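Scrolling down, you'll hit the structures one after another.
Next, two complexes with chain A in common: one pairs it with chain B, the other with chain C.
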Partner chain A sequence: MNGNFIWLAIGQIFDPTVAAYALATIGLVIHFGFTGLLNFGQAGFMAVGGYAFAITSVIYDWPLWGSFLAAIVAATVFALILGIPTLRLRADYLSIVTIAAAEIIRLSVKTPEFSDVTGGSEGINGAARAFNDVNPLPDGRFGLMGTPLVYNQDQWWIRIVGWGLVALACLLVFLLMRSPWGRVIMGIREDEDAVRSLGKNVFSYKIQALILGGVLGGLAGVVFILPRSLQPDNYGTQLTFFLYTIMLLGGAATVFGPVVGSIIFWVTLSLTDGLLSLGIEAGVLPLTTTQTGPIRFIVVGVALMLLVIFRPQGIFGKKKDLHFA
Partner chain B sequence: MLAGIRPGQSARLIAMLIASVVLCLSVVLGGSALGASAAETTASTSTATEQSILVWVRTDADKVGVANVSVTVEGEGGTETGVTGADGKAVVPVSEPGTYSVTIDEDALPAETGYPRPSTNPAEVEVFAGNTEVPAIFFLSPDNAKGAVAAPTDESTTTPTPGASDEAGTGTTTAPVTADTFWLRFWPQLVTGLIFGLLIALAAIGASLIYGTTGLNNFAHGELVTFGALMAYLFSGIIGLPAIIAIPAAMILGGLFGWAQDAGIWRPLRKRGLGLIPMMIVTIGLSLALRYVFVLLFGPDRLTLPNSTKPFLVIGSVSLKFTDVAGAVIAIVVILGVALVLTKTKIGKAMRAVSDNRALASASGINVERVIRVVWVGSGALAALAGVYVGYYQSLRWDTGASILLLIFAAITLGGLGSAYGALVGAVIIGLIMNLSTLWIPENLKFVAPLVLMIIILLVRPQGILGRKERVG
Partner chain C sequence: MPEKTLVSDITDDVIVPGVKKKDPIVVAHAVSRRFGGLTAVDVAHLEIPRGSITALIGPNGAGKTTFFNLLTGFDKPNTGNWTFKGKSLAGVPAFKVSRMGMVRTFQLTKALSGMTVLENMRLGATKQGGENIFVSLFKPLWKAKEDEITERAMQLLAKFKLDTKKDDYASSLSGGQKKLLEMARALMSSPELVMLDEPMAGVNPALTQSLLGHIVNLKDEGMTVLFVEHDMHMVNTIADWVVVMAEGKVVAEGPPSTVMSDPAVIDAYLGAHHATDLGTIEGQLEVAEDMESDLIRSEVEQDAEAAGITVQSHGASTTTDAASTPVDGEEKK
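Let's turn to the complex of A and B:
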C-alpha cells in the first residue's frame, strides 16, 4: 500500500457502484425528500430490479431491452404491492412494512428451493453478457488523461451508461419538481390534508411517487450488478441505511444531493481504508488490517447520527425544505 | 397515546396474563405427553430410525457432487458408514440425537478433485430428535492440502455483511410429511417456538415501552440485545465466571447501557426538540456504529457460551437442553415481574400514564423524564437478558441482535404498538409461527413467515391484536 490509494479514492468518482448508489438515492429522494414517504425498503427495490434483469438475461436469454423492461416492470409491481395496502396508514407503518418486505425478498431469493431460478445463496453470475455485447467501444484499455485510472472497454461502457442514467434521472427529477405534479407531491409532504381539500387524490399521487422512485431503485439494482455477480446478501437492511446516509449527506430534498452524497460517501470510505492501512503499516495505529473494515462503518454510523442532529438539511439542502425535523 | 391499559383494567389484565402463561405451559406439557404417545406408536409400528445426516461432497469450483466417497459418522448412536451416490450425496441414518462427527475418507479422493477446505474434515453436526437429513457439506478443491487443519479463512473477516448466516440456519430439509412424522415434528417445533417467543418477548416488551413513552422506533434495540449477549460471553466465556453471576452481571451492564444511551443521546436530543423521524434515523446510525464496534472488540466470528448440549428434559419427541428449560422459566418469571411492576407499583403506573398521554401525565405531576430514564434502564436490562438467552439458544455474534430486530418490530406491531402486553402476545405468536411454519415451508424461509403475517395483520387490523382502535391512517 502506498500513494496509490489516493488514485483509488479518485477512481470512486467514476465508479459504477457509486452511480448505482446515486441512482437508488435519487429514487429515495423522490420518496422521502419530496413526497415524505418513509421507505426503508429501497434495498428491496434494488434487489427486485437486479434479479428481474439477471434472471431474464441469464436464465431465459431475453434481449437486453427485454431485461431492462423486466427490471422496470418488476419494480413497478413491487411498488404497487407495497403501496396499495400501506399508503393509507401512518408513516411509521410504511417504514416497518417496507423494511420487512425488503427482507422477505432477500430471504426468499436466497432459499435453496428457488435456486433453479434465483441461484440461491450463490446468486447469479454473468448478467452483463448481453449488456457488453452491445458495447460500441473498441477493445482495449484506455486511461484517463495520463492518470493511473485505466479501464478496459467493458469497464468504460458500464461507467458511461451508469452515469448517463444518473444524469437522466437528475434531469427528470429537476423537471418534475418544477411541474404541477411536483408541486402536488411536495404539498403532500407539507400537509396532506390541505392537498386533499383542494380535491387532489393524495393516495394516487403517493402511489405514483412510490412507483417512480422504486423504478429508479430497480434500475440502480441493474447498474449495481452489471460490474459484478448478483449476491442476495448485498441487499440487506444495511444497504438501505447507507442510502439514507447518502441522501442526508447531500440533502434530502435536492436534485444533485444524491450524486454528490454518493461520491463523498464512497471517496470517504476509500480514503479511510487507505489511510488506516497506511497507519497500520507504518506501525502508528495499534490495529490489524482486518479491523479497518469495521472502523469505516463505525465512521458511517457516527456520521449519519451527527448529520441528522447538526445538519439535517445536508450539504445542499435548504432549511425551509426540511419537513422532517 | 397508545400504550396499554386504563388503571381499572389492570386486575383483569394481570389475570389474563397469568392465564395465558398457564395456558402456554399446559400446552407445552400436554403437548409433550401427546408427543410421547405419538413417539411410542411409531416406535412400535416401524423400526426405522427417526434421524439422519445428509453428507454432501461437492467440488468448490463448480459445486458438482463427487461420487463414491466413503463417509463415516461417529457419535452417541454408534458409528455408521455410507458412500456418496452419483449426485455426491449420502444419507446416513443415526439412531440417537446428539453431536456427530462426520469424516470423509481423504485417501480415496481422486487427486484432481482435491481435498476439503482446511479444518472442515471431520465436521461436527448436531442432530436433534426427529431431524432428518441434517446437512454436512464438504467442498473439495485442488488448492487445499490433504488433511489440512488451521488457517482460519479470511472470507468473513474483512467486511462482514450482516444476516449472512443466522437465517441460513443449519436446519433440516423438509422431509415428506406423513401423519406420524407430522406430529413427531410438530411438538418439538411448538415447544421451540414458545421458547423462542419468550426470548423475543423479553426484548420486545422493552422496545414497546420505549415506543410507548417516547414515540421512538428504536432501530438500535438489536444492539442492546447483542450487548447483553457479548457481556455474558465476556464474563462466562472469557473470564470464566459461573452463569449465575455472569447473567445478572450482563443484565446490570445492559441496564447501565440503556441508562447511558438515554443520558448521553436521547435526552439531549429530546431537549433539542428533534422530531421523531430524525430521531429514528439517529437510532439507525447508532445501530450501525455499535454493530461495528462489537466487530472491532469481539471479532467477526461466531461465539458460543459454555453450554451443555446434552438433553435435560426428554418427553416424547421433545428434547430440551438444560438452558432451554431454565431460560424459559426465568423468562416467564421476569415477564410476570414486569407485569407486576407495570400494574402495582407507582413507577409502573406512571409509565403507563406517560405512554397514554404524555402532556396529561406531566401536568398531573409525574416526572416524565425520570419515567423515561427508568424505561430505558429496564429495557436495556431486559434486552440484555434476551441476548444472553439467544447466546444459549443458538450462538452469538456481532449481529445477533440486528438479525432479530425485525422480529422484535413484528412482535410489537402485531401486538399493538406501545402496548407491553401486546408485545408479549405478539412475540409468542411470532415464535410459534416461525417454528411451526417449518412444517410446511422450507426451513430457510422461517424468518419470512412472521414478516408476512405482520404485513397481513397490519392490513386487516392496523392497531394490532391488543391495540386500541384509533385513527392510524
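Let's turn to the complex of A and C:
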C-alpha cells in the first residue's frame, strides 16, 4: 500500500456513483428541503427508475431514448401512486407510505414470480449496452492530465453523462427556486394552511414537487446502474438514509449542497478506507481488513454528528433554513 | 371614533338572531359541525352585511373559530349550505374560496417565518403566471408581473409600517408585527371579504390603535370585514354589527350599543350574576334571593352575623349593568 489510495479518493470526485447519489439527493432536496415533504423512499424512486431502464433496454430491447423515457414515466407514476392518497393528509403519512413502498418495490422485484422480467434476486446485467453504443468517444484509455486517474472510453462516457445530468438538475433547481413557483413551494414548507388561505392549490404543488424530485431519483437510478449490474438489494432503506446524510452534510435547502455533500460522503469513505488499511498493514491498528468496511461508516456518522453540533444548517445552508432546530 | 354604518342601512327587520340583511355578502343556513358527541357549531341562519365591519364574539369554546374554518373551506360541516356573493361555497376547497375574494387570517399567526417579509407579501398576490412550474423556468415570462406585485407589496408594507423590514425574515418580527404582516399579505389579493381571527390577540397595546385604524380603512376601501375578537373595547369601537355565539349557536346579534345589554349575551358570557361581587355578603345575599333559596340565605345571614355585619333587606332586582364590559376578566387565548 502506498499513496495510491489518495488518488482513489480524488477519483471519487468524478465517480458516476457519486453523481448518481448527488442526483438522487437533489431530488430529495426538492422534496424535503424546499417543499417539506418527508420522503423516506428515495431508494424506491431510484429502484423504479433503474428497473424501468434496465427492463426496457435489456429484456425488451428498447432504444436508449425509450428506456430513459420509461424511467421518467415510471418514477412519475410511482410519485402519483404515493402522493395522491397521502399528500392531503399530514406530513407523517407520506413518510410512512414512502418507506413502505420502497421496501415493497425491492421485495417484489426479488420474487421468483417476476424473475422473467426483473431477474429476481440476481438483478439485471448489461443495461449499459445501448448507452455505450452511442458513446462518441474513441476507444482506448485516457488519463486525466497525467494523473494516475485513467479510465476507458465507456467509463469516461458515463462520467460525462452522469455529471452532465447533475449539472442540469442543479440548473433546474436554481431556476425553479428563484421563481414564484419556488416561492409557493417554500411557503408550503413553512405552513401549508397559510399558503392555502392565499389561494394556492397546495395539493397540486406538492404533487408537482413529489414528481419532480422522484423523476430526478429515477434518473439517478439509471446513472447508478450504468457502470454496474442492477442488484435489488442496493435499494434498501440504507440507501435512502445515505441520501439523507448527504443532504444534511451539504445543506437541506441548497442547490449545490447535494453535489458537495455527495462528494464529501464518498471521499470520506474512500479516504478512511485507505487510511485504515494503511494502519492495519503497518500493525498500528488492532483491526482486520474486513472490519474496515463498517468502520468507514462509523467515521461518516461521527462526521455527521459533528456537523449537526457545529454547523447544523449544513455546509452550504443558511442559518435560517435550519432543519435540526 | 370612526364613522359607523347605520343600523337602518344594515337591516329594516326586527333584530333577532338570524335577521335578514339588506345586502348580505355571506349567507349561512343550517350549518352544523359535530366533533364526536360535541356539537361545535349549529348556526340556523346568519347573514353578514356587505361593506361593513361585523364582529363575531362569544365565550371560549363558543365555536367562533370552527365557524370561520367552515366558512373558508378549512373544515367541512356535517350539514348546511352557505353562499358568498350568491355563489354556493359548500364543498369548495379553501384555496378556491380565497380566490373568490374571501381571504382569512389565523388566530395563531401563520407568518411564513423562513421567508422574508417581502416574499411573504409576494406570495399573497394572485394571477402570477410564474407560479406555473413550466412558466417559472423562464424569468422574462413572469418578470413584469413580479415587478408589479413587488410595487403593490411595498405600498401595502409602507401602509403597515413594515417597509423597512422587507428583507428581514418573518421570524424576526414581533408578535404584533406578524399580525400586521399576515393582514397585509391577505390584502395582496384585493379581497372583497377579509376574515380576521382574533387580530388583537397578543398585540402590544401600543400597536392596537394602529391595527384598529387599518381595519377601519379596509371598510373605507370598500371591503367587508368579519372578525373574531375577545377585546370588547375593539368591538365597541369599530364594529357596525355584532354577532354573539355561545355553545355553537348564534344567540344574539345587533349593533354593539344594544347587543351588549341583551340578557342572552350577558348570560352566555358570565351567567346572570356577572355584575355581582360574590366576595361581599351583600353580593352573596343577592344571589341567594335571586335563586329563591332560603337555605343559602340563612347560611349567608349567619355568616354575616358572625362577622358582625348588619344585614339589610335587599331589593330583589338584579343588576344588569349594561355599560360594564362583560369580558374584562376573560382570559385571552
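In this section, the second predicted complex is superposed on the first by the 313 of 325 C-alpha atoms of A that agree within 3 Å, B and C clash if a C-alpha of one lies under 4 Å from a C-alpha of the other, contacts with A are read in each partner's own complex, and residues count from 1 in each chain.
Methods note: a contact is a pair of C-beta atoms (placed from the backbone, for glycine too) under 8 Å apart; a residue touches a chain by one contact, two chains touch by 3 or more.
These figures come from a predicted structure and were not determined experimentally.
A.B. asks: Using the superposition on chain A, decide if chain B and chain C clash or fit.
C.D. replies: fit
A.B. asks: Which partner chains sit in contact with A:144 here, chain B, chain C, both or neither? Use first/second/both/neither.
C.D. replies: Neither chain B nor chain C is touched by A:144.
A.B. asks: Is A:13 in contact with chain B, with chain C, with both, or with neither (first, second, both, neither)?
C.D. replies: Neither chain B nor chain C is touched by A:13.
A.B. asks: Who does A:297 touch here: chain B (first), chain C (second), both, or neither?
C.D. replies: Only chain B is touched by A:297; chain C is not.
A.B. asks: Is A:183 in contact with chain B, with chain C, with both, or with neither (first, second, both, neither)?
C.D. replies: After superposition on chain A, A:183 lies in contact with chain C alone.
A.B. asks: Determine, under the contact definition given at the top, whether A:284 touches first (chain B), second (chain C), both, or neither.
C.D. replies: Once the two structures are laid over each other on A, A:284 reaches no partner at all.
A.B. asks: Contacts for A:167 in the overlay, against chain B (first) and chain C (second): which applies, first, second, both or neither?
C.D. replies: So A:167 meets neither chain B nor chain C here.
A.B. asks: One more residue to check, A:175. First (chain B), second (chain C), both or neither?
C.D. replies: second
A.B. asks: Chain B to chain C: minimum CA distance in the overlay, Å?
C.D. replies: Comparing every C-alpha of chain B with every C-alpha of chain C, the smallest gap is 9 Å.
A.B. asks: Going by the contact definition given at the top, which residues of chain A touch chain B in one complex and chain C in the other?
C.D. replies: After superposing on chain A, no chain A residue contacts both chain B and chain C.
A.B. asks: Report the residues of chain C in contact with chain A in the complex, numbered from low to high.
C.D. replies: Interface residues on the chain C side: 72, 74, 93-96, 98-99, 103-106, 110-115, 119, 122-124, 126, 128, 130-133, 135-137, 139, 142, 146, 169, 171, 182, 185-186, 188-189.
A.B. asks: Under the definition above, what is the set of chain B residues touching chain A in their complex?
C.D. replies: Touch list, chain B to chain A: 63, 154, 157-164, 167-168, 217, 269, 272, 274-278, 280-282, 284-293, 295-296, 300, 402, 406, 409-410, 413, 417, 442, 444-445, 447-448, 451-452, 454-455, 458-459, 462, 472-473.
A.B. asks: Touching chain B in the complex: which residues of chain A?
C.D. replies: Touching chain B: residues 38, 85-86, 88-93, 95-97, 99-101, 103-104, 106-108, 110-113, 121-122, 233-234, 236-238, 241, 244-245, 248, 290-291, 293-298, 300-306, 308-309, 312, 324-325 of chain A.
A.B. asks: In their shared complex, at which residues does chain A touch chain C?
C.D. replies: Chain A residues touching chain C: 172, 175-176, 178-184, 186-187, 189-191, 193-202, 208, 212, 320-321.
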